[in-house]
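First the structure, then my questions, so here it is.
Letters A, B and C mark the chains in the order given here, with residues in each chain numbered from 1 onward.
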């Protein structure tokens, strides 16, 4: 059964069409990249999937269930996890407590105690390398560590589908490669489908994704295996750009 | 007979509503620009009332003099409160500014009580009356009405035509964007807060021109509730909405009073006040953005 | 035999770990015990003890909602007022029923019942809103309910109710005096202790984590799977129960009358705010410390500068908010990190 099926999702804000008739299918364990310039509707799409707001048209089907109108907090226990572009830690709690929240309210919700959640938090923090910061207040972390904590928190939810928003932005190439390998490993071990969204870090996409969807002005430009998608002439024209041409800045 | 009573009351309601509207514009302005609810709103109105009282009884002048006096006092209070307290709370969690404005209100009440005592004051200002087919209206109320309209019109032009007014509107829309465009957002915050408080204190003068009795340090609380209802009705953050909502509220309040008074065995005044509460709840339940738009 | 011992040991080890979770209650209960002993043994101190117990209980009750969620319920005094009415109704309706002490419990039950109704109504409307709108809604409820009672002339209208006579009829003069001057204050202290226990159970439990998330970033909390409405409502209702209990006892039973302009006064909400903010919102020990300091200050001020309490405390609230928002215990918690005292201060 397909893990996530998006059928003709359209999201409008007043007169602005943020997401324009997007359809997409994601299987369990797949590694997908969503690529597109700022303003192409990627974050809006994520918001529709994670339930921040419903789409004007279209359906979101998760594991065969129509979750289009389901409130956000019901989607996490079903297995949809998410990180944010600008990390949103629960600042006054410790790192450990932050990650434990993921475990407490994710797919294990109702099946796991507070102590067990803290243990799960420890596990993921060790895995990602934040064990030294465990008892620090989340608000005092460096931006990079906040991103790492955000990822651990999402993983502690034991999701089936993980939506990552610009997780690699601002990373050093070496760290980036480490992160890509880490994600691939975790995805395989825990059978998570990971959708990574990036604006322009092609290195993250090429090393990571099996398949890429390119978005442009809210619409899907192409949806194909990575190499094919990134070398498609439309993509190159609209997005990657031809250096010899003068381009005007898009609004 | 009741229709005449109703029509008379509605006329009063219309006039009073304009005063309510101006009284609430300050609240909406402060919320629009600073995203802060002035929970101490009522006490500031009370300050304006006492300014009027002092000018009329102690200095023997007409309440019209109190109008600019109260405005200046309000602006001063606004600037002082902003720079000592509010400015530091912009980045803090929301509840801190709620608590701070609340405490400010309490402080004002206590200071006034210290100076004037807890008793009820009043004054008389008889400048004649107008006789209409359905009712008789004292001229003082008419003056209050006219003054309120003038303030509202002035603000309309100020927001749309002047540089500073436009700058304020941009900060309401998008403070970061405004900053990037060169607007001195910090100054706009201070000015908006000061003007908001100034408007509120000044409206206290109009209110006493309408109801020149019952002036006491604790009179503000009831007006805070009314102002909230009006502000939500007009759309929090929209001073224009607040004005029109004020008029609507004045009409409803006075109309309801007449109707409640027909019911035997109840206290119509108290019921009217609780009506405000039911209205607010209905609004918050069904249309929190207000009937007239806004944020 | 061996098996028995080892499983007993296992049980002890397990519960040992669980008991150590509750270490932070030790300073709280120690304080309450001292309070009781001093009040009981030193002549003339009982009234002061009662006052301090009142503020501690009130602070702890208010803290359960405000401290954990960050939402300020400006109309909290409504719960206290409804509690008072509950007790008043219980006594005035049932005093001739021959149920003895039972009527007090009926009063308490009515207090809780009324508070639940109000809490659910408020929760259904106000809790769906955020910060500013929520504050407005709460103030509205306070004013609205008061004027509704006065306006419809129900429950004594604006005159309220007095029930000293009814109590005397039910219990006899001697017992009534004992009830209203000793047992009621002890009961308030017990409520304070219960409130502390509930606070720590919440804070350490799933609901504590949920509410921390709500307080910090409500939208992110929802995406993490937290049913924010459910947890906010639970905290709100429980906080209301405790407030109502305090009202039923410390105002209702103790003062034997209820009078709308007295009970719906928003100034009591100010007192809750001072107590909790001073001690440290969202901490266990905070409201206790705040309650003790505020209660003592008020008592002392009432002697030397009567009528000036609010004038002094209003700017203090402002100063705390601006300069000192974590409160005394918040500060202490930070300082105690890494020391052996850490596990006692929460």
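Going forward, contacts are C-beta pairs under 8 Å (C-beta built on N, C-alpha and C of every residue); 3 or more make two chains touch, one makes a residue touch a chain.
Remember, predicted model here, so these are calculated numbers, not experimental data.
Asker: When you draw the chains as points and link the ones that touch, which shape shows up: line, ring, star, complete, or other?
Answerer: Drawn as a graph, the chains make an open path, so a line.
Asker: Of all the chains, which has the CA centre nearest the overall CA centre?
Answerer: Of all chains shown, the one whose C-alpha centroid lies nearest the global centroid is C.
Asker: Whole-Å distance, subunit A centre to subunit C centre, using C-alpha means?
Answerer: 43
Asker: What whole-number Å value describes the gap between the mean CA coordinates of subunit A and subunit B?
Answerer: Roughly 48 Å, centre to centre.
Asker: Centre to centre, by mean C-alpha position, how many angstrom separate subunit B and subunit C?
Answerer: 34
Asker: For subunit C, what residues touch not just one other chain but two or more?
Answerer: 215
Asker: Flag every residue of subunit C that touches subunit A in the complex, lowest number first.
Answerer: 204-206, 209-210, 212-213, 215-217, 219-228
Asker: Any idea which subunit B residues touch subunit C in the complex?
Answerer: Touch list, subunit B to subunit C: 31, 35-37, 39, 85, 88-89, 92-96, 98-100, 102-104, 106-107, 109-111, 114, 221-222, 224-225, 228-229, 232, 236, 260, 265-274, 276-278, 280-281, 284-285, 288.
Asker: Could you list, by residue number, the parts of subunit A that touch subunit C in their complex?
Answerer: 50-52, 71-77, 82, 84, 88-93, 97, 100-102, 104-106, 109, 114, 117, 153, 157
Asker: For subunit C, which residues are in contact with subunit B within the complex?
Answerer: Going through subunit C, the ones touching subunit B are 66, 70-72, 74, 125-126, 129-133, 135-137, 139-141, 143-148, 150-153, 157-158, 215, 266-267, 270, 273, 277, 308, 310-311, 314-315, 317-318, 321-322, 325.
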